[in-house]
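What follows is subunit A paired twice: with subunit B in the first complex and subunit C in the second.
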Partner chain A sequence: MTVYSLYVFDRTGTCLYYTEWNRKKHSDIARDEEFKLMYGMIYSIKSFVNRISPTDLKDGFLNFKTNRYKLNFYETASGMKFIMTTDLTVGNIRDVLHQIYSNIYLEYVVRNPLCELGQPISSELFHTKLDEYVRGLPIFPTRIS
Partner chain B sequence: MGYNIGVRLIEDFLARSNVGRCNDFRETADVISKLGFKMYLGITPVVSNWSPAGDEFSLLIENNPLTDFVELPPGHSQLNFSNLLCGVIKGALEMIQMDVDVKFVQDILKGDNITEIRLKFLRRLEDAIPVGED
Partner chain C sequence: MGIFSVYIINKAGGLIYQYDHISQRPEAEKTFSYPLELVLKLVDDKIVVAFGERDGIKVGHTLLAVNGISLEGRYLQTDGQDAMEIIAAPENYPINLKFGRTRLTTNERIMLASMFHSLFAIGSQLSPEHHSSGIEVLETDGFKLQCYQTMTGIKFIVIADPKQTGVEVLLRKMYEVYSDFALKNPFYSLDMPIRCDLFDTNLQQVIETSERQGIGNV
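Right after this comes the complex of A and B.
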C-alpha cells in the first residue's frame, strides 16, 4: 500500500495545496494545468454521477480505480475538496481525508489568522503536520516497485 | 460585520459537528439553533415565526451572552449591538451554498421583550464552474 499524492481544492476551484509522496511518473503538462484538469474532471464526474443516479444521492462520487491507481475523493459541505491518489490495495479512506480536513486543515489553516482562505497554503506548519500524519498512516508503507 | 468570522467558523463547525447537508431550510434552522448557537455561545435560540412559504424564520434569543452587563450609550439607542451575529450567520451559510438575508428585528438592549434575529432564504448558490468549461 502506498499514497501517491494529495490535492486540496477550495469551493471556487483554486488548488490550495498539492503534495506528493511516491509518485514516480509525472504528467507532461504544467502543474497548474494539471490542477485545472483535475478540478474539471472532478466537477464533471460529480455532475455526471448525480445526474445518472436512479435515486437521490447523499455523498455521490467517492473514488475511482484504474489498473494502476485509485483516486479517493472527499468533499465537505462547504465545498472543500480533498483528493488523494493511492495504490489499488487501499480501501475506503474517507475518514483519513476527513481527519486531514478536521485535524490538519482546520487546525493549521482555518485557525491560523495568517493564512488567507482561498489562497494557496504556504504554511510550513501545515505542511509538516500533514506530512507527519500521512507518513504515519497504515496505508503509507512504501513498497518500492 | 462578522462575515469573515462566519467564513472560517463554518469549517470548524462542519468538522466538529459532522452534520451532513440539510434537506430543507427547516432543518438548517434547527442546526443553527441547536448545534451552532449551542456550540459557540452556549445558548439555544427558539426557532419560530415561520413565513407561510417556509423561507423565513426568526431566532428568538432570551439571554444573549454578548449583551451581559451591556447598556446602550445615550445617543446610540438604535445601535444593533450584536449585529456581529448576523454577519457570522450570513458568512457561514454562504459557504454552504445558501444566500440568506439576516437582520435584527428586536433587541432586548433597545427595550424589546426579546432579541429576535430574522433569517430569510434568498437563493441557493451553485458550485463554481471550472475555468474554461461551460
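Right after this comes the complex of A and C.
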C-alpha cells in the first residue's frame, strides 16, 4: 500500500495545495498545467457521472481505478475538492480525506488568521501536520521500496 | 441490482452500440393545488425542477406528464399545448404532474461516449506510476462503470450496480460476442454502428447469465 499524491482545490478550481510522497512518474507538462488538467478531469467526470447515472445520486463520483493507480475524490459542502492518488490495494479512504479537511485544513488554515482563504496554502504548520497524519496512516508504507 | 446498460465505443471515440438492460428511473407523481410550490425552469426546451424538493421530486428532474398526458419536450403529446402555460393558469388546478429523471437521447449518449473516451486518456496521462492504462473502474454511490479496452482500441463499457460482481468476465464475453457476431458478419463494416439481430440476442443472453451469476456470488 502506498500514497502517491494529494491535491486540494477550492470551488473555483485554484489548486490550494499539492504534495507528493512516493510518486514515481511526473507528467511531462508543467506543474500548474497539470493542476488545470486534473481539475478539468474531475469537473468533467462529475458532470459525466451525473448525466449517465440511471438513478439519483447523493455523493456522486467517489473514485476510479486504472491498472496502476486509484484516484480517490472527496468534495465538501462548500465545493472544496480533496483528491488523493494511491495504489490499487487501498480500500475506501473517504473518511481519511474527510479527516484531512476537518482536522487539518479547518484547524490550521481556516483558523489561522495569517492564512488568506482562496489563496495557495503556504503555512508550514499545515504542511507538517498533514505530513505527520498521512505518514501515520495504515495505508502508508513503513519502508519506501 | 444488476446490469444497467452497456456501451461499445470504437477507437476514435464514436458510439457504435448501446443497450439499456434495466431502466428503473425514479418517477414521482403528485397532485398539486394552486399556487405550485415548485419552481420550474426551461432547460434545452425541457421543463426542469429548479427549486423545492419534496415527495421524491428532486431538483434536476424533468416534467414527464401533465394530468396523465405525456410531454414531448415542453409540449403535450396529444394537442401540442405548451405545458408551461397550463401550469401558469390557476383554472387548471388541481393538476396532476409526473416528474422523473430525463431519459437520455441518442445524441446525448453519443456525446457521453466520446466524453468518456477523452477522460480515459486523461486518466492515464495524470498517472503517478509509469505505464498506466486509462480508467478501468469508476465508482459512485449509485452505480459503477467498468471499462475494458481491447488491443485494437475498442472500449466495452458496462454500467452496473455497485455490488454486482463478475463484470470483468462479462466484458470479456461481450468482446467474444462482438468478434463472433459483428466482426464475422460480412455485412458489418469496421468502426460503424452495429445493427445485427444475432449480435443483439447473444449479447442479451450473455448479460442475463452474468447478472444471475453475479447476484448469486454476493
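Here is the rule we go by: the second predicted complex is superposed on the first by the 141 of 145 C-alpha atoms of A that agree within 3 Å, B and C clash if a C-alpha of one lies under 4 Å from a C-alpha of the other, contacts with A are read in each partner's own complex, and residues count from 1 in each chain.
FYI, contacts are C-beta pairs under 8 Å (C-beta built on N, C-alpha and C of every residue); 3 or more make two chains touch, one makes a residue touch a chain.
Just so you know, these numbers come straight off a predicted model, no measurement behind them.
> Is the arrangement of subunit B and subunit C around the shared subunit A a clash or a fit after superposition?
Overlaying the two structures gives subunit B and subunit C room side by side.
> Per the contact definition in the header, classify A:Glu132: touching subunit B only (first), subunit C only (second), both, or neither.
After superposition on chain A, A:Glu132 lies in contact with neither partner.
> According to the stated criteria, A:Ile45 is in contact with first (subunit B), second (subunit C), both, or neither; which is it?
In the superposition, A:Ile45 touches subunit C alone.
> After the superposition on A, what does A:Leu117 contact: first (subunit B), second (subunit C), both or neither?
first
> Which partner does A:Glu33 reach: the first (subunit B), the second (subunit C), both, or neither?
neither
> Quick one: classify A:Lys58 as touching subunit B (first), subunit C (second), both or neither.
In the superposition, A:Lys58 contacts both subunit B and subunit C.
> Which holds for A:Tyr4: it touches subunit B only (first), subunit C only (second), both, or neither?
second
> Please tell me which partner, subunit B or subunit C, touches more residues of subunit A.
C
> In the combined three-chain superposition, what is the angle centred on subunit A between subunit B and subunit C, taking C-alpha centres, to the nearest 10 degrees?
That angle rounds to 80 degrees.
> Just to confirm the geometry: in the superposition, how small does the C-alpha gap between subunit B and subunit C get, in angstrom?
For subunit B and subunit C in the superposition, the minimum C-alpha gap reads 5 Å.
> Same subunit A residues contacting subunit B and subunit C, which ones?
Common interface on subunit A, subunit B vs subunit C: 40, 44, 58.
> Over in the complex, which subunit A residues touch subunit C? Could you list them?
Counting only subunit A, the residues touching subunit C are 4-5, 20, 23-25, 27, 34, 37-38, 40-41, 44-45, 48-49, 51-69, 71, 85, 87.
> In the complex, go through subunit A and note every residue touching subunit B.
Touch list, subunit A to subunit B: 11-13, 36, 39-40, 43-44, 46, 58, 76-80, 98, 101-102, 105-106, 110-111, 117.
> Report the residues of subunit C in contact with subunit A in the complex, numbered from low to high.
Subunit C residues touching subunit A: 4-5, 22-26, 58, 60, 101, 104, 108, 112, 115-116, 118-119, 122-143, 145, 159.
> Enumerate the contact residues on subunit B facing subunit A in the complex.
Residues in contact with subunit A: 7-8, 10-12, 14-16, 19-21, 95-97, 127-133.
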